Amino acid sequence: MDSLIPLFVIIPLGIAFLIPLIWKLIPSVFKYLPATGILFLLVLAFYILIANGNETLIYKVGGWEPVKNVPIGIHLVVDGLAASMLIIINLIGFLAGIYAIPYMKKFTGENYFFVLFSLMVAGMNGVVITGDLFNMFVFLEISVISSYALVAFGSSKDELEASFKYQVLGGIASLLILFALAITYWYTSTLNMSDISHLLKQAPVNKVTIFIQLFLIAGFGLKAALIPFHAWLPDAHSSAPSPISAMLSGVLIKAIGIYALLRLFFNMFRVTYEISIIITLIGVLSMVIGVILAIGQWDMKRLFAYHSISQMGYVIMAAGIAMIILAKGGNRNIAILSLTGGLFHMFNHSVFKGLLFLNAGSVEYATGTRNLKDLGGLSEVLPVTSATSLGASLSISGIPPFNGFFSKLIIIIAAIEGRFYFLALLAVIVSIITLASFMKVQRYAFLDKLKKGGSNIKEVPFLMCFSMIILVILCLVMSLMAIPGIRETFLMPAVNSLISLKM
Amino acid sequence: MKGMTSIVKKVSALISGLVFLYGCYIIFHGHLTPGGGFAGGTIIAGSFILLIIANGIQYFRLKKEKEESSLAEGAGILFFLLFAAGGLLLTAHVFFRNFLPYGTPGNLLSAGVIPLYNIFVGIEVAAGLLSIFLAFVIYKKED
Amino acid sequence: MLNYILCFVLFLVGLYGVLTRKNIIKIIIGLCIMEYSLNLFFIMIGYIKGGVAPIVDLSSSQNVKYVDPLPQAIVLTAIVIGLATTALLLAIAIKLYKKYKTFDIDKINNLKG
Amino acid sequence: MEVLLTMILIIMIAGSVFSLHAKDLLSAIVSYGIVGFSLVIAFLILKAPDLAIVQIVVETISLIIMISVLIISTGEDLSEKDMVKIKGKSYINVRNLYYILFSVVAAFLLVYFFILATGNLNPFGSHETRMATEYINNGVKDIGAINLVTGIVFDYRGYDTLGEATILFTAVMGVLAILRLKTHKQDL
């Protein structure tokens, strides 16, 4: 089972390198290649999570054994959190891959699209499974560079400008991360994460680790578009082709933004009080300001993009609360509960936000416009899209049967138990505003009377409906993960890899 | 600008052959002297670019070249991946295993699979940079 | 210590260039300068006084001190990452110039909000 | 030797400041070349010949690509209005002064934090290797390559180089995707 881990990177890379050679020979078949490869990886990730949930698999690339217990090669580490992230990445990647096949028919250069798409998935898989700092940076760069090119794929006026801003800010973020990496190497002169965490555990928390952590917060905050650094997200996510904005908002800002932050701040550095205050503050700010900015939007995808910022604020706030409790040495299982809520919300968010962007894409595919003002009454004409969009809107605003409700509930309970009453109140208020703004989307886009000339709109092709239906079913099924019985196998391994449950 | 004078064309034709040879030298001796796949590949790309700049774009039928160069690039990196994964599949079931014999350090055929990696990466880098340069140049010429 | 400070100052000059310049090409140049300063910073960390380049010559005596080869392998990667981002930024710059007929970022502000 | 490196750093800072404030783009790109090629000398001083070769060639190619972008545009810089023409007399554009003042203060603050944080790390030239001691001691025995850097790049950390070659492949595919001539099929 160990030697299967590199497959998560070899298969998507192999497909990406194969397509430019064979796309002329099999012009219509090569489009299905990335989706099938990612489907196989999805099954593999699921199997890894089930087979050994709580213990970590370590794979030494090149077979270099540590010398005098100093690791010299690159180690691939797959633990609970990495396995669940792999499931999410490959799930949304598979569904967006299927959705993209009919959607990309109106673009030329489809072979470039599918090459860059499978490279993005390979990059994200690489970031999640690696245990080496610089290797995480290299695979982060692969996924980010392919997302720059994919955002600018349509090369219209808006997309080029959005992609340029996204690339400049993303470039600065990568350089800040590289700078933090250089100082870490200067301080510990090694790159292996577990090796660094051993060294940092022994040394007292001094100015160097604070300095490194500040730069990492700035770098990964820019990547995850948290509040002080969110300027690029609405432009980039709204002007990208829809399967790509579903991948960007659903998975990319999580796999290389939030996941890297959590992995470094929980596993590598010692949790300090000041840093956890900063992280909670950023989380709360993103949550509140994200939803306030979202109210005034009329373009569907831009509205969804702002909501991504506020939902990510939930996850970071929950992680921040857990860090504060750990730093103050408070009650451990409140911290565990808060982190469970945060991770559960992150997994839910990638499912329903991916679905929302796919809905916006099919509305745009069918009617040609995304502006809520000149849409209306689409539910008669687009039955599947409106049904799935209703499901997604209910789950993002936290209505009981859907998964959004359970994860927000856990976060609010944890906040109350940790005596952060103000944060819990803010979380409830923001959830209500989210509900209001998504009702606006439902009313203007789907429930109103049909605009003139709207009768000849026909439903989107089968593959697009297929991926949307699967996502809406998942929105319901994932709410079962909150039940204690099922939670142990699916959710707890992820939490266990950040805060060990046994102690 | 009409194009370079014939002196430049003649001299660049001579020099680019030398530069190409130097790039190949850097790639093949990657594991012995400084340099390697990346440096040698860039130098080879530089020699082609020198030719294109000196003789102007219409000298070559460049539309077709761009497709071939990205084709060569895909092939180069595909072999690199196959050899890296070869270690996984064939012998030691470990990704990136150096499975060819090491030979005596110092002479040309040593260090196992590394010279092959150097050559594949060299091909990939040369073809890649050439495609980038052609994409920029052709884009300007077309409209 | 002075060399590290000057390298950090070069990083800040690049950051200043990216944040305040209006011209797209200058923003790209600022980003590349930040790349270069980080590459230099990494190599300065790995330098050992009196060390020799990490090319082992078998004929020499055993106790030869070598400079740390690991940052050099890392900076080899970072240089090619810098080239990749620069090439992509310049491709977008050409297309922006084709569409907006200017390199000035203020005039390109088509997206609102 | 350390003084030589400090001089090169000062040249690079001067080159970059000039290139950011240059009037027309061509001189901006040429003075950007100063920074790139003095980096090559710095690599040679710091005993990194591999990087010097790669840097000098990569710098040449990025200059060529930048100038090919420039040939399309008019070439003169049309944005920096340092001098504001008011009734014939020209005053320093006040807004620019705020920029410079603010950035100088921010720079001092950040440099101060940098010195505070990395004060007691081991100084320039006295770096003790931890992960790399194994590479130096029996790199040749393990891999057989004399050039340790190539040994690390392709064998100890070969997985990095696979990512590296993929990044260049992604960039090429990205450039070809963005610069394709027809972007939308008109038949829809």
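Per-chain numbering from 1; labels A, B, C and D assigned in written order.
Here is the rule we go by: a residue touches a chain if its C-beta (ideal position, glycine included) is under 8 Å from a C-beta of that chain, and two chains touch if they have at least 3 such contacts.
Fair warning: this is a prediction, and the values are worked out from it, not measured in the lab.
J.: Contact counts by the stated rule: is the higher one at B-C or B-D?
T.: B-D
J.: Find the chain most remote from chain A, comparing centres computed as mean CA coordinates.
T.: The chain farthest from chain A, judged by C-alpha centres, is B.
J.: Could you give the separation in Å between the centres of chain B and chain D, each centre being the mean of its C-alpha atoms?
T.: 23
J.: Determine the centre-to-centre distance between chain A and chain C, using the mean Cα coordinates as centres, and give it in whole Å.
T.: The separation of the two C-alpha centroids amounts to 28 Å.
J.: Report the inter-chain centroid distance for chain C and chain D in whole angstrom, where each centroid is the mean of the CA atoms.
T.: Result: the chain centres lie 2 Å from each other.
J.: For chain C, which residues are shared contacts with two or more other chains?
T.: As it turns out, chain C has residues touching two or more other chains at 45, 53, 55-56, 58, 68, 70, 74, 76-77, 80-81, 84-85, 87-88, 90-95, 98.
J.: What are the residue numbers in chain D that touch two or more other chains?
T.: 49-50, 54, 58, 61, 65, 69, 72, 114, 118-119, 127, 129, 131-132, 135, 140, 146-147, 149, 151, 153, 155, 157-164, 166-176, 178-179
J.: Please list all residues of chain A that touch 2 or more other chains.
T.: Expected reply: 13, 17, 20, 61-62, 134, 138, 141, 145, 148-149, 152, 155, 186, 189, 191.
J.: Which of the residues in chain C end up touching chain A in this complex?
T.: Interface residues on the chain C side: 11, 15, 18, 24, 27, 31, 34-35, 38, 41-42, 45, 68, 70-71, 74, 77-78, 81, 84-85, 88-89, 92-93, 95-96, 99-100, 108-111, 113.
J.: Inside the complex, what are the residues of chain C that reach chain D?
T.: Answer in residue numbers: 1-10, 12-14, 16-17, 20-23, 25-26, 28-30, 32-33, 36-37, 39-40, 43-49, 51-58, 66-70, 72-77, 79-88, 90-95, 97-98, 102-104, 106.
J.: Inside the complex, what are the residues of chain A that reach chain D?
T.: My answer: residues 9, 13, 16-17, 20, 61-62, 64, 67, 70-74, 105-109, 112-113, 115-116, 119, 122, 126, 134-135, 138-139, 141-142, 145-146, 148-150, 152-156, 183, 186-192, 195, 207-208, 210-211.
J.: In the complex of these two chains, what residues of chain D are touching chain C?
T.: These residues of chain D touch chain C: 2, 5-6, 9-10, 12-13, 16-17, 19-20, 25, 28-29, 32, 35-36, 39, 42-43, 46-51, 54-55, 58, 61-62, 65-66, 69-70, 72-73, 77-80, 99, 103, 106-107, 110-111, 114-115, 118-119, 123-127, 129, 131-132, 135-136, 139-140, 146-149, 151-153, 157, 160-161, 163-164, 167-168, 170-172, 174-175, 178-179.
J.: In their shared complex, at which residues does chain B touch chain C?
T.: 33-34, 38, 105-106, 125, 132, 135-136, 139-140, 143
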